[in-house]
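Scrolling down, you'll hit the structures one after another.
Below are two complexes that have chain A in common, paired first with chain B and then with chain C.
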Partner chain A sequence: MALQDVCGFLETLDDISPCTYLPNEMGYMWRTPFEFDRDSAFHFLFPPQQCSRKNRAPTLFSSTFSSLSPHQQPFQLSHGTTTLGFIFQDGVIAAADTRASCKGLICCPISQKIMPIHSHLVVNTSGSGADCMLWERILTREMRLYQLRHRKRLSINGAAKLLSTMLHPFKGTNVCVAATLCGWDGEETQDTLQSCMEIADVKEAVEQDSNVSAISDVSAQGGVKMASINEQDEISKDTQALNPTVSNQNTKNVLSTFGGRSGPRVCYVCSDGLQLKGEIISVGSGSPYAYAVLDDGWRWGMTVDEAVALAREAVFRATHWDAYSGNNVDLFHITAHGWRRRDREDLKEEYYREREREKKKIKEREKERQKREGDELVEGEGDIYSVHCG
Partner chain B sequence: MSNPPSCRNMEYLIGIQGPDFVLVAADNVAASSIIQMKHDYDKMFKLSDKILLLCVGEAGDTVQFAEYIQKNVQLYKMRNGYELSPAAAANFTRKNLADYLRSRTPYHVNLLLAGYDETDGPGLYYMDYLSALAKAPFAAHGYGAFLTLSILDRYYRPDLTREEAVDLLKKCLEELNKRFIMNLPSFTVRLIDKDGIHDMEKLPVGPK
Partner chain C sequence: MISARAYGDNGKMKEYHYTGPVEHKFSPYAFNGGTVLAVAGEDFALVASDTRLSEGYSIHSRDSPKCYKLTDTTVIGCSGFHGDCLTLTKIIEARLKMYKHSNNKSMTSGAIAAMLSTILYGKRFFPYYVYNIIGGLDEEGRGAVYSFDPVGSYQRDTYKAGGSASAMLQPLLDNQIGFKNMENVEQLPLTLEKAVQLVKDVFISAAERDVYTGDALKICIITKEGIREEIVPLRKD
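On to the complex of A and B.
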């Protein structure tokens, strides 16, 4: 297909890193592991220096444009996951599946892809599991250091910039991290403002898919774990620009009336260097499926239940279609008070529940159709050969 | 999911120089593989009151390089008390790009630098990832350039008014909408003249 060719879409999937063999002192061709400059305390923050290879003349295998010779990967790294994060009037929802895959094998069906960094920030990770765990810890350390030095928390955008800058030296190497920082920015102010929940109950008709409402019923039964709560009493939200029937422009008004200092934030950072702030971010092989659901159902003025239901459904649909996503769904909700975690849910159950719901709906529609036909016959049309649609 | 090299050209930049202004536009799509992750991404970096740097290319390189240039131009102003001219800024950018080109970390970015100078007037500079620099009356980057450069050739005149320049820009964007395989729904448009940088209405090219 033209677009596929022009984008080179399938090129990446078939890409195999070239195998490079380097001669050691004895002249044998061995694959050499990365050599670390162990003297530097921050040696893991920089790509390994090629000190031992300085004196070698450039060989056929060294290339101008790569800082390191990649060694043969035993398997293809890919972002086999579905993670998503979005903001709305009452905070941020971060959701992810729990399947860790390695080509065709499910390495771990119960991995945790959403890690809390501090009380008001969680990070959704995808990419290489080891890289993600390491960089989460590095980010946590750097943010804590910032907080200790400057006596205030680093903002989400600042954290994204920090992570992006730390990852930049590794561009071109095999570090594979795609992180979505979801959190609440800023200190809570003492402005007296309307509570968000009042805004949510607004006159506007809620267009809800019955599926979504059904899921939200079930989700209401799910447990909610309070992991950390701030001592602040009030929830401060700026309501001047808040309008549930908001367009993109109004959302920006809201975010800017937060003064850029306080409010929900979602930020995407990739080891490629891509850094994006947005309202809805989804990453991974299942992200196209999730985007489709999110784009359809997202509104700024959603209630918490609606948002949770939307996130669950997005992950559910993605896990249905994507082979590399599945098992359970984790869900975090971050507000000005901190993050709260919902109990992990098995999506297999959800799949069967949905099948039952569909069966019930078909039966109901059938009954309705028969009833309608029955009524029309009674009305005296007498034409039993007429066909009714729907 | 890293983008293959061919993906870098899907973005579009265009600049048109008039007798006393420069009009520039950039698309608003931030894409990762086949997904449009953002629809309102701003690809222009303000170097000074009258200089804009438009930057597209490899995912992380664009922001890193453009911000590096931006901060250095601002540092120059702080140290010396006066701003770099657009020509000087363009040459500074080119020198940096060239220095990095044969290093371990070359930046794969395509740039347009647009500015207004008190003495020299308006200037539009085209720079590509191999750090080739050319001052041009009109310029474009990306696959979209293939479709629009001939339109610019036909209708460009050195004494365009602002309205005519915007019309010419609209013509180009309509052609993109008609023939370019990628959907680029909206473009940020800015105009630089002796009074500074002016934001103009975003151009969403609707279906005809």
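On to the complex of A and C.
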């Protein structure tokens, strides 16, 4: 690229364009119906030429271009949300609100922010609605192609890396995608299920250890070793020659590397290029409130019901405090068997239930207080020196 | 335009004086107004739009409807910048013809919606300033409405209002068609006659309060028999 700039090498016909603004745009526009058929698969993988023009040496004409692009858009794209994902011993929970807002107006009160990619992976999207919708489709396509070419599913970390690489050419433009990939890695075999339960036991033991995330990083490196062994396992299964020693090695290796290749995972990918792995990830304008609730209630050894209740509570609190989140809660639970969607719950109901609970609590407190006063009254009568404080 | 410099330090307005030449950047967009509405029923769909074309303080035309017929079962409503509306509909019609010639059948409403999403996102960095709503019948003959944002994000709805008066109409539709925030109400399915009457009432209200909406209302009613049009006059002031 640098050599290209120094030599002034013109890549496509586009660069030898006239200096006036309108005809160039017309040229680009009228090409669109036919552009799709020629190279439809790669059409979205690179930003249009005018963005790369900024890198070229400034000339008399290019200075006009740089001042005109990106164009002042007279409308806003949808933003503002609360999404969260966390892992626990029995899988992954992905939850999100359903409000799509656009600079003060709610464009859609029932949008779907959690989209399944394949049977064991869902993605929580936040940021600009159109960008998320399209990039999720592109990611689904690429993962399916990977699965067909390599005969195994791409891991969550691999998917995160793939998405991050695909978004990289758009760094600096106003594409805004913040996706949390939540899923279950690994093949759906009996060995991996057993190994996951063993992982769970080990994880329980080190639950108090603050270096849990460091250990899972180590496991990511150990994962490469795991991959080859798992493949062997698969091949041996295919040829109907189940080698018990291979599967024993499998579980042994898994025990030595916490997490190994299979198990629940959450990964965060941002269009800036940021990639995060962890146990609890929350994104959006309501995420600080959600983090507060999640940090308080999260334990690795939670049951499914506890985890679901925690996620719902976190989103509810976030929607209460954040103006850009609200309406309903969507919840997905992913296990080794795949994802399952919970019913969408209207937060209006939750709010009324909360009010009822508060009313009941106040009544009970009032009763307690009266009882206490009554008791003190009885005690106080017998002792003339006691001070009656009501 | 009131700029910050018009007010002095003590809060009183400064005396008006010539501040020097001001550079107005050329904007490739203009806002031509107009409202579009679509409603989906059990076996019908309605797409309605007003017919006023305005810009700033002027009205360019009183007879410029914003519904465009795409196929026998699909109508699209586009409001926003009229230049982009015209080009976008030309591109959609060209792609429909190409599809028909390659696949020997017309595109379904869902397919048109998906295609429009990719067409719009193709110009993500210089978008079409158009708010689209597609209304039509899906493969099973049920009404379908797809609403879009200018860069291609879309979803299927039961009803949607777009354009200049959308913020006024959408809450009314939420209440009357979606029965939102109504307690103890009997939720009857929407009949065609009731839907048409509702659309007329709703546009009359919009014309009262939105300057860019008025002149006439054109309703396209899509049923399995075909597409029927109705024109209703609105306020012309």
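As a convention for this text, the second predicted complex is superposed on the first by the 243 of 390 C-alpha atoms of A that agree within 3 Å, B and C clash if a C-alpha of one lies under 4 Å from a C-alpha of the other, contacts with A are read in each partner's own complex, and residues count from 1 in each chain.
In the analysis below, a contact is a pair of C-beta atoms (placed from the backbone, for glycine too) under 8 Å apart; a residue touches a chain by one contact, two chains touch by 3 or more.
Note that the structure is a prediction, hence the values are computed from the model and not measured.
Of the two partner chains placed by the overlay, only chain C lies in contact with A:S128; chain B stays clear of it. Touch criterion not met for A:E373: it reaches neither chain B nor chain C.
Shared-chain residue A:T173: touches chain C; no touch with chain B.
With both structures placed on the common chain, the touch criterion links A:C108 to chain C but leaves chain B unconnected.
Of the two partner chains, chain B is the only one that A:G273 touches; chain C does not reach it. Shared interface residues of chain A, touching chain B in one complex and chain C in the other, are 67, 78. Residues of chain A touching chain B in their complex: 2-3, 6-9, 11-12, 64-67, 78-79, 164, 167-169, 171-172, 178, 248, 268, 270, 272-276, 278, 281, 285, 287-288, 291.
Chain A makes touch with chain C in their complex at residues 21, 25, 29, 32-33, 35-37, 43-44, 47-48, 50-51, 67-75, 77-78, 102, 105, 107-108, 111-112, 128-134, 173, 175.
Of all residues in chain B, only 1-7, 10, 30, 32-35, 37-38, 40-41, 58-61, 63-64, 102, 104-106, 143, 181-182 touch chain A in the complex they form. Those residues of chain C whose C-beta lies close enough to touch chain A in the complex are 25-29, 31, 87, 91, 94-95, 98, 117-127, 129, 147, 149-155, 157, 167.
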